[in-house]
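What follows is a group of structures, each given as structure tokens.
Same chain, two partners: chain A is paired with chain B first, then with chain C.
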Partner chain A sequence: MTNLYLLVKISWRNLWRNPRGTLLTALALGLGLALLLISLGLLDGGHEQTIADGVRFGPGHVVVQAKGYQDSSSDELLLPAQVVSNIEGFLQTGKIKQVVRGVSPRLLATGLLSTSASSAGVRVVGVIPKDDRAVSLIPQRMVEGTWLTSDDKLSGVVIGDELARKLELKIGSKAVLMTQSLQPPGSKPVSVDGDEMQSTLLRVSGIFRTGLQAIDANMIFVPLSAAQALLGVSDGQVTQVALLLVKEGDSPLVARALRKQLTGSPVEVLTWRESLPMLAQILGLDHAFNYIMNGVILAMVGLGILNTILMRVLERRYEFGVSKALGLRPRQLAVMVVGESLALTAISLTLGLVLGLSVQHYFATAGLDLRWVFKAGLPPALVFDPILYSRLSVARIVWSVSIVFAMATIISFYPALKAAQTDLPDALKVL
Partner chain B sequence: MDEFAVKLKDVRRTYRTGPIEVPALRGVTLSIGAGEFAATAGPSGSGKTTLLNIIGGLDRADTGEIWVAGQNLQVLSAGELAHLRLQRIGFVFQTYNLLPVLTALENAEFTLLLQGMPARQRREKVEKLFSEIGLAGLEDRRPAELSGGQQQRVAVARAMVTEPALILADEPTANLDSASAIALLDVMEQLNQTTGTTFLFSTHDPQVMERAHRLIRLRDGQITGDETRGSQGAAVTRLAG
Partner chain C sequence: MSGGLLQLAWRNLWRNRRRTFITMAAIAFGYAMLLFVACLMAGLRWQMIQNGTCLVMSQIQIHAPGYYPNRSLQKTLGGRKGTDVSALLASISADRRVSAVAPRVYGYALLSAAHRSAGVELMGVVPDQEPKITTLNTQIAKGTYLTARVPKGVVIGDKLASTIGIELNSEIVLLTQAADGSMGNDVYTVVGILHTGLDAVDRGLVLMSLSSLQDLLHLAPTRIHEVGIKLSHITAATAVAAALEVRLGKNLPVRVMAWPELAPELANYVQFNHGVTVVLFFIFFLVAVIGVMNTMLMAVYERTREFGMLMAVGMRPSQVIGLILTEAAGLGVASLVVGATLGVPLLWYLQVHGLDLGGATGGVVSVAGVVVGHLWYGRQDFPAYSQAAAGLAATALVSALYPAWRAAQLRPTEAMRKV
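So, the complex of A and B:
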């Protein structure tokens, strides 16, 4: 114990023989940790935002739809009314109710929107305005007019600004929407005269902008009742029921509960990872790339530390030789070097934590504005808010600190071994 | 107490650098009695330092027998040699070799700490020794704050504090001015007389040769002379050639 105290004391004092060198080395390792924390914070924050935006511009954290819809995207595949009411009833019960933030039944179809100026193929989304407001981000991205209200009934439509520009539409403008009646397999044609094509006159009540071309130029929103009437779908039938949860992490749990509840029904219950596989893959790739980059940064910092500690050890060969001559054992010499390295690591980690968490806090509150990078528009595959807000969990911080600590400790073993192997006659230059 | 502190029999050591072989010791046979104040002298490359390192267990002989404090060094492991050095041998180096991060007192108690002696006992022992060799008041100074002579006295204190059987001093006065060298020799001779500790120096310094009670001359790795000074100061040649 006394020996250990002596070794720790010598290690600590050795560290401050060259304060500038020690601080520079500590700063290098600290910067490594700070970079790791900052990049993980931005990565996690970015992913959290991307998922939040992705699910709210898309099918929610969990979506229930007719079996086979995910693969075929066939508009004819509809959820029966009793399944929809079963879902809505189940979501009002027990613990599930506490984790669900919003439920929106949607009817999806393709159509052609025409004005005197032009026409464009569109994706028609029939929604219950109040319900979709709780799930979708579109109502929050209105740039002109207002989101749908239940009073819009048959005539109101909300469109993206790209589409409005293309069709020269303004608030109050009229456009004709032409669609094909949806005829679920085995059902009779809804149209009285047997004509499958339907058209209706719509009035633009709102224009939104998400910044995502795929949405702004293609999607139009109409009240669910209007869509059902236009598409010849009976009351209660929808394409999907989108669920927004309080926490993304509950998605698998809720999906599992719904699958159990809907056992025997011809439905598929998907988490966002299954309904938005491309987004999940991009995030996965991003994670992998980030881990590789962090690995490279840490390896570079690690080699720097190894070099520094090794140099410090080699510079003191004579001193180690003297200590050994006086009776210090090789193991004790190794402990001294590892102790010195651990003390250096502790200083580095403190510096890294202060620096990394300060920058992380700034990015968590003010955000990192990347709009200048994406002046030309965001890639269509990405659902991405250009202002990144950092998010760093305690588990991530502990993981990062542990990784850097483990790396520094392992790195110190080699110089410690070199010190322990100090050859006495050679170190003391006996010849 | 053993009759002999050191006993060597036909000790040989050759250093090899690639194809070149440099014989440093060529069959040295020597006995140093317990309590002697002896010095080895000779020109550079004569084998003085090699002899001291082999006696101190810092280096190993190629052949021969080396007995120190009753132990055969040739059969001891590295760990056992370290233990022997810690318990039975003290070293004083030419360039003092104090640990720069420790104070004078901490340097002197370094070996006691390694021995695991309690702090209070350690401190008392070092402070007593410091006052005996004129270092009182300098306990808290770092080596860089001490003169060469003071540093070497701290090194002597470090070597003496464990009460070893043998102190090996490799050219201890080489970096000191005459006054400091005389003061250091006074200290070491006094310690030799009061404690009975065996001292063996290697030296170029005529002052050390003059003060040594026995002078062993080396040349080309062999003993060429061995003079013991009698109580009246007369030199007695024991062995030559």
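So, the complex of A and C:
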């Protein structure tokens, strides 16, 4: 036991025999870890930002809709009023209330929006203005006018800037929306020119720009009650109820709870992975990209450690020869070398953590500003926030520190073995 | 003397092969990794542009001034009289950077089938010319692309088909306002169903032959809205567009737009992505630099005793520094060559076979209006390769210089006392 203590002490002294060299080495290894943490933070941050924005342009983290809607996207499939009130009631109870950030019932249909200039096929979304503000990102992307307000007259409409340009609409302009009333499937067929075509005059109260052409040229938002009246839907029926959660990770949990609560109703409860398969795939791609980048950077950091430890130890044959001549056994020499490498790694990791986490913290709060990329000035709309916020979970930090530590430990065995095998007369030859 | 210095440096490198090998590994492996990352990142950028333009849009579009983006039916090339289409296409192809051209006509219509209807965008193309500039013909999920056999055949997106409830070979009615103000309507047969993964196309586009769309819209055969162009090298798009606008403008009022103007969303995304990858590449570069720096510093520092000996036998400090720098330079260049040699098969593989991300994505993905396959191809980025090489070589020299300079400051006896 005293032996081991002695060896640790020798290792420690060896380390500080040349403090400048040791600190330099520790700094170099530490910088490797710091850069690993910084790049992981930026990659993970970008990943989470994509999810957060993606679900808020779509139906949220979890969506409840009539059974079969996802596959058929047939607008006649509606949620009965009592299901909606059941969901809203359930979300007010106990634990579930704390994980839900917003709940928005929506009615969706297709229509034709016309002005004297032109006309365009549109996707009509009926929302409760206040509720949708808590779920959707569109209210935050208004470029002119305002988002719908609850005291809006029934005729207010919010449209995208692409559509506004195409139809030559401005704030306060009027447009005619033509829709077909929604009939439950199986009821009598409707002729194209039948009485079931409804039209109504709307007044533009706001224009948004998301930068996503599919939304900006296509989607129009009207108050839910107006949409229900226009589509001949009895009060309370909607297409879907979109939920935004505080944490994305709770999505499967909330979906399961809702499925249980709504057992027996003809509904489907989907998480964003199911309702937005495209987004899930993009993230899969992004994940694969991050995976490769992580692999590359780990390999590079690992090689740095390998070089450093090999270089530190393999050059010291003379010193090991002297130690051996003084009576240190090969096993003790090996323990000493491993101990020295581990102590060095521990110092490096501490330095790296302090350095990496401070830079990471800066990128997490102030963000990494990528606006310089746009040389010709910032484009009027960006789908992506040009400021990238770093995000690093504790698990990720533990993961990277452990991997780096494990690499250092494994790598230090080779020079330890070499040191133990030092051939005495050969090693003591002066260079 | 300098011949002697070279010889000495050469011998030193071979004297302690292990040290030389470790240093070489740090530089070569770091460089190979940087090559790999630069190649993948350039590939991602190129693939985004390529895929974003090749599906429907094409790399350059020529319109009558004022046609884009409102796509007013009347604003055909050459105005109401139209223009000699084949002469125009020939004149565009005269530019050697142009690899293919195809004319197009657009319109809007109400599509109805059975008891449902939807507003759609009509795109009229020449079935045997369009596939030379875009790849929509490769995205047919069911049935076939437009053929001359079925002149009134249409191809529609799968989401439109399922929303309206139509199948292959169903008949549909297209109702539109024609160019002369009358209502045009006619019956068409669905010959193909598309699946691109892009909502705007899958849900809202109807593809038909140029001549049948001209018939529906009551447009004369001389009247087209657009010419799509594919180039041999997409990087030249903006320059070619500007040149074409000047040249064609002499005979016909035209507006020529390259893809960054046609798809600012894509251009934004490409630029944003470029920013992210530049930052990442810089971080990777720093990691490589630190590895090289640390290895070099230690390799030279450990030889202080040896340098003391050299100075004791009469070598001047400046000569010692010269010797070390010569060694470092030689080692650096050799290592970069080794790194590049390791990297070349990797880069070749990335460019030819691509990296298969199929497991992670499960098929086709669209990002910012771009369809991305599951294969990620590399693309050579020689400026990045040479910058990385220069950076690593400079790092190797500077990190050798510092301990060498310190050793040269010592008196020989002091230097020799260091172990």
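Here is the rule we go by: the second predicted complex is superposed on the first by the 371 of 431 C-alpha atoms of A that agree within 3 Å, B and C clash if a C-alpha of one lies under 4 Å from a C-alpha of the other, contacts with A are read in each partner's own complex, and residues count from 1 in each chain.
One rule holds in what follows: a residue touches a chain if its C-beta (ideal position, glycine included) is under 8 Å from a C-beta of that chain, and two chains touch if they have at least 3 such contacts.
What you see is a predicted model; the values in this text were computed from it and never measured.
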item	value
Which of chain B and chain C A:I10 touches, first, second, both or neither	first
Touched partner set for A:L428, first chain B, second chain C, both or neither	first
Touched partner set for A:G327, first chain B, second chain C, both or neither	first
Of chain C and chain B, partner touching more chain A residues	C
First, second, both or neither for A:S39, with chain B first and chain C second	second
Contacts of A:Y318 with chain B and chain C, given as first, second, both or neither	both
First, second, both or neither for A:T115, with chain B first and chain C second	neither
Common interface residues of chain A - those touching chain B in one complex and chain C in the other	318-319, 431
Chain C-facing residues of chain A, complex	21, 24-25, 28-29, 31-32, 35-36, 38-39, 42-43, 46, 72-74, 110, 112, 118-122, 165-166, 180, 189-192, 211-214, 217-218, 278, 281-282, 284-285, 287-289, 291-293, 296-297, 299-301, 303-304, 307-308, 310-312, 314-316, 318-319, 368, 370, 372-374, 379, 381-384, 386, 388, 431
Contacting residues of chain C [partner chain A, same complex]	18-19, 22-23, 25-26, 29-30, 33, 36-37, 40, 44, 69-70, 72, 108, 110, 112, 114-120, 159, 162-163, 197, 199-200, 204, 264-265, 267-269, 271-272, 274-276, 278-280, 283-284, 286-288, 290-291, 293-295, 297-299, 301-302, 305-306, 309, 355, 357, 360-369, 372, 374, 376, 419
Footprint of chain A on chain B - complex, ascending	15, 22, 24, 49-50, 53, 56, 58-59, 78-79, 82-83, 85-87, 91, 93, 97, 99-102, 106, 110-111, 113-116, 118-119, 158
Residue numbers on chain A that touch chain B, as the complex places them	2-3, 6, 9-10, 13-14, 16-17, 318-319, 322-330, 332, 424-425, 428, 430-431
